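Before anything else, here is the set of structures, which you'll find just below.
In what comes next, chain A is part of two complexes: it sits with chain B in the first one and with chain C in the second one.
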Partner chain A sequence: MTQRRFAAILLAPAFLLVAFTTVYPMVTSLWTSLHVLNLAKSVQLGAFVGLENYQEAFVHDLEFWGVMRVTAVFVVLDVSLTILCALGIAMLLLRAGFGKSIVRTLIILPFAMSPALIGISWRFMLNPDYGAFARTIAAIFPAMRNVDYLASPTLSMMALVSADVWHWAPYFAFMLMGGLAAIPPETQEAARIDGASNWRVFRDVTLPQLAPVLIVAIILKSVFALKVFDSIVTMTAGGPGHSTTTLGFFAYHIGFRNYDFGYAAAVAYILTGILFLLSLSYMRFAFRK
Partner chain B sequence: MHINRRELIAGAAAAGAAGFAPVSSALAAITPGKPFAGKEIKVLAVQSTQFAAHSKKVAAFTEATGIKVTYVYVPFAALRERLTAEMVGGSDDFDLMTAMDVWIPPLVDKLFAPIDKDLAARKIDMNRYPAAFTSAGKFPTGTYGLPVRCHIQLLWYRKDLFDKAGLKAPTTWDELVEVGKKVQEQNPGIAGITIPYGRADGQNLMVWYNFLWGAGGDLFDDKGQPIFNSAAGIKATQDFTDIILKHKITPPGAASFNESDSTTNFFQGKSAMVPVWWHVYNRLRLPDAMVKADQVGFVPLPSYPGKGATTYTNQWIYGLNVKTKNRDAVMEFMDYICGADIEKSILVDPAESDVVCVHWQNLRDPQVNARFGDMHAIAAKALETTTKAIPNTASFLPVVDALAGAMSNIVTQGVPIPEALNTAAAQAQRIIRRGG
Partner chain C sequence: MTVIAHQASVAAAAAIRRRTSRQRKRAFLRVAEQLVLVLLAVIILFPIVWMVMTAFKSPRDVYVYTMWFQPTLENFSEVFNPRWRIREKIINSIVISVTTVIIAMPIAVFAAYAFSRLAFPMKRAMFQWILLTQFIPAVTIVLPFYVMFRQLGLLDTYAALIIVDLAIVLPYAIWTIKGFIDAIPLETEEAAIVDGAGRFRVLWDIVVPMARPGILTAAIFCFIITWNEFLFGYLLSRQNVVPLSVGIVGFVLERGPVWELIAATGIIITIPMFFFAMMIQRHFTKGMNLGAVR
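And now, the complex of A and B:
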């Protein structure tokens, strides 16, 4: 047996597994998105309709573009705030100090929590009547008493973003700490000897060297933000109105609540297209030579 | 579950006088000679005290018929997906299944079989149920189940606060606003009424339906096209949203409340009224209840002047699997478990806590009413004048989403009512077009 054939045999189970769990469902759902499949009518795949389901989204559905806008706002806010917070945490934790390992352990705890549970907890904490956040904010700013955070499109989006940042920032902080630790300290010391301020050292020396890790983190977080689902279900249910309905949640609703699986598959494929482009960028950055 | 002495005595008397008799009379309906002995039936039921009580009635049934019955329970949140999976898979795993009203239309003929012939053969008269409890299982192609778990909405109010202020329970929506304002003024920290205005699962429509039907409006016309944006629909929506936006007699947070938040607010003593399902009765009887049973009264939901109370009902049926191989045995069991006598034996049993009652005779039964403070008689009154129910179309659930979003936009973003309802109607037309 040649080495090449032996390698193929060893790789075959992995290929089969990926083909069965990823390729097959993706091809099937693409095929579904080109057909009528409404379980309210029939459990069988209906007529071939070409790109009609995609046209339904882009042209006829009154909610679709609103959902796209909400998704874009959420991703931009969520990714930028998560990465900024993570960078801040990473810079602070990188410095040696008493109790560093305890702080590092504690700070990862939010990431260990389930997003669905986080949504429920934040929903409770934001209740204007008895919620811990709402009461604390009202104690500091009395004018904020009785503000219903989840009834305002702006505040509910901020709450959703805050919960997600709280959940993900520790993970990315650890990722960026790895990147920061890999930067040769001599480059920063040299800049300081040349009279550069801390800000200049960070901006002109640290940040450019951290950029590859940072870009990977941004792409990765964008993928995670686009997929957000659990916390929306448990915290805002996509409301008020449709102000926190993102693409993933929208696709779920069309498919599993409305049974319009043909259309849901098309919406899911639009999301998949965006995710594919981001993943492609991630792969290019992560594995570039 | 806390049971007081009075209830225990009443329950014991009921059990002695009638409690065992109903079960034995239910067995009287069973086909003589055990023709289905040896058959096995599997039942898929939502997790609830009622279906747990049903499973306790199985032993007597098995003894009388030789049919073995097994209950499998699924939490409410997972049941719809389970039914969908059963339908798509064409499975005969379960012979009998429970399903909620809005879930039923897509399941008709694909998962549930019509049972009209069986009903006729067994002389089951559907008039034993209020009309508002039978609509969920009725389709142009037949009857697809027997009502088993139905809820009606009542207006729960703080009798102690009303008595103190010399107020009577409201019978119209205007009176509701008036008394709500008075109670709120007199009791700082207590809102006049709590209503779920949050859009989760369309729960912000549950009270609105009563406004809509009371105002003479409806959701769809005879051709199945949306008419909730009619003049009556706009008036109903105006009155419904005025409660929170104009009269401001709801608690802080009501704009994002779901049903559970709203009910909890009332039972925490933070609001004076709540329109909600009758099953919350048991919360008053909890030993650590913050609001006790003697502080609370209940009446049919208000309506518009001159109109009878209309109550939005939540209906569950027992449906027969179209693929079952044990049809006769399943009907034998359904006939037995859905009987009025079985229902009464659960309602008067001090060891049971479920309030659900779907038969006219039990709704008006003195023993049942003695146990639940006349709640069922009051419910019966509301059911007598209730002629509307949610439509039986597969497109309705997606339309609920569009409507719930519109209602939330009105309440939270000040979107003008006609604009919001017209947008929802346009979305509904699109959904109906796609639904076929």
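And now, the complex of A and C:
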């Protein structure tokens, strides 16, 4: 048996499965987005409407740009806070020491929890009357007493971001620890002997060498942020109003609440396009030799 | 003489002062570091501990902001009250996750071996393409599958959920296992080929046993992913195959969500995952960041 034929036999099942579970729905989604399909009226694909569903999003739907803004705010806040926290945790836990190995084990816990469960727990703990978060914050800042977090557009966005940061920061801390450990310590020692302060060593020596890993982490986290869904469902349901409705949740809402699958497919495809661009840049950075 | 001696003693005193100030600064930093460490532990543990406590609270204590209460196991027996159908949801989750892993593993091992050891055209592009499918948002996948499953009468069946779960799990599995096979030295395989062993023999008798830790790590990863999977379960199940991860939102009565039961179910969902995550802690980043740190 030639090597090529053997490879073809070994790869066939994986390729058939990936093609069926991703290529097929991608093509069908694209096709659907060019048609009318409202499941409330008919299960059959309706008239071909060209780019009208996309036009609906970009031109006619007043909610769409609000959702885009919410998505942008969420991604920027979520990614920057997650990566900053992860970097801090990674620097803190890198060197061995008492207590650190315990904390290093502890920080796996948030990651093993499902985002849906985290979302519902946050909703419980943010209840202004009996929620543990709300009451603790009120005890420290009396001005925050009786604040209903999930009823405020700004605060519910913060709540959603905090839950996602809590879930993901540990994972990215592990990733950055890997990057930090790969930096030869000599470079930092040399800078320190030359009299550089800790901050200068971090900014001018450590950070530039960590940059490749950091860029990959930022792209990857942006992708994860754009795909957030579970915690939105269980914590805010996209509200109040549309204040925590990101693009993915919006597509779900149009499809499974309004049954307008044609329009939902178009919105989902806009999200797919954004993610595709991000993934291309990820591939460029991650596979650079 | 005295001037020189004086100057020397001044210099020495300054040096000592400098050293003590540096020591003091270092001691301060060490204390600050410990404080941050404690704060970090508190932030991580607080929500978890609070949910665990809630699971052991009587309904009356759930609505009280306190850490002191009379613990009870009642919530755990109430969770298994047939009205909540939790037993079925646990079985659903186990069936879906185990079947997904059992189907995914051999397929992934085959593909990973091909990518790791064999030469064929377009290898790099094909590998990147498989990884790229990870970036497709689940919403895009679920819309057409919902329509298709509805037409085929497959909504609310195990088959539907297992098929879509395979889509998320397979690329991770291929990536993780490939990493492990890459690390196995070639000699044993070459020796076996020289001895005339068939290609499948080599794969099955030599590579699979040596890659066993990798296969196990990948299997656990995939199990965690499918066990915690929410979106597909939420949209493609109705009542017969609702997984536990979705079932947790079902604890709602007229008075609102029943937090103590949600917390108790949360513990049932999460404890096996904690255990699994600890088992593969070392490979935590290796398997999931898709080649970020190489």
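Keep this in mind: the second predicted complex is superposed on the first by the 286 of 289 C-alpha atoms of A that agree within 3 Å, B and C clash if a C-alpha of one lies under 4 Å from a C-alpha of the other, contacts with A are read in each partner's own complex, and residues count from 1 in each chain.
Heads up, the rule we're going with is that a residue touches a chain if its C-beta (ideal position, glycine included) is under 8 Å from a C-beta of that chain, and two chains touch if they have at least 3 such contacts.
Note that this is a predicted model, so its numbers are computed, not measured.
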Handout entry: Touching partner for A:35 - first (chain B), second (chain C), both, neither
Key = neither
Exercise for the section: Mind working out whether A:146 is in touch with chain B, chain C, both or neither, as first, second, both or neither? Expected result: first
Practice task
Could you tell me if A:109 is touching chain B, chain C, both of them or neither one (first, second, both, neither)?
Solution key: second
Practice task
Classify the contacts of A:256 with the two partner chains as first (chain B alone), second (chain C alone), both, or neither.
Solution key: both
Practice task
Would you sort A:25 into first (chain B), second (chain C), both or neither based on which partner it touches?
Solution key: second
Practice task
Check whether A:43 is in contact with chain B, with chain C, with both or with neither, and answer first, second, both or neither.
Solution key: both
Practice task
Give one of first, second, both or neither to describe whether A:167 is in contact with chain B, with chain C, with both, or with none.
Solution key: neither
Exercise for the section: Would you mind checking which one, chain B or chain C, touches more residues on chain A? Expected result: C
Exercise for the section: Would you check which partner chain A:7 touches, where first means chain B only, second means chain C only, and both and neither mean what they say? Expected result: second
Exercise for the section: Based on the superposed arrangement, let me know which partner A:221 touches: chain B (first), chain C (second), both, or neither? Expected result: neither
Problem - Touching both chain B and chain C, residues of chain A - result: 39, 43, 129, 256
Fill in the blank from the handout: Residue positions on chain A within touch of chain B in the complex are 38-43, 56, 60-63, 127-129, 146-153, 156, 237-243, 253-254, 256-260, 263
Completion exercise
Contacts from chain B onto chain A in the complex sit at residues 81, 84, 87-88, 90, 105-106, 110, 197-201, 251-256, 258, 261, 265, 270, 394-395, 397-398, 401, 405-406, 408-409, 411-413, 415, 423, 426-427, 430-431, 434-436
Exercise for the section: Note which residues of chain A are touching chain C in the complex, please. Expected result: 1, 3-4, 6-8, 10-11, 13-15, 17-18, 20-22, 24-26, 28-29, 32, 37, 39, 43, 89, 92, 99-100, 102-103, 105-118, 120-125, 129-130, 132-133, 135, 166, 170-171, 174-175, 178-179, 182, 213, 216-217, 220, 223, 226-227, 229-230, 233-234, 248, 251-252, 255-256, 261, 264-265, 268-269, 271-272, 275-276, 278-279, 282-283, 286-287
Problem - chain A contact footprint on chain C (complex, rising order) - result: 33-34, 36-38, 40-41, 43-48, 50-51, 54, 62-65, 107-108, 110-111, 113-114, 118-121, 126, 128, 130-141, 143-148, 150-151, 163-164, 166-167, 170-171, 174, 199, 224, 227-228, 230-231, 234-235, 245-246, 248-249, 257, 259, 262-263, 266, 269-270, 273-274, 276-278, 281, 284-285, 288-294
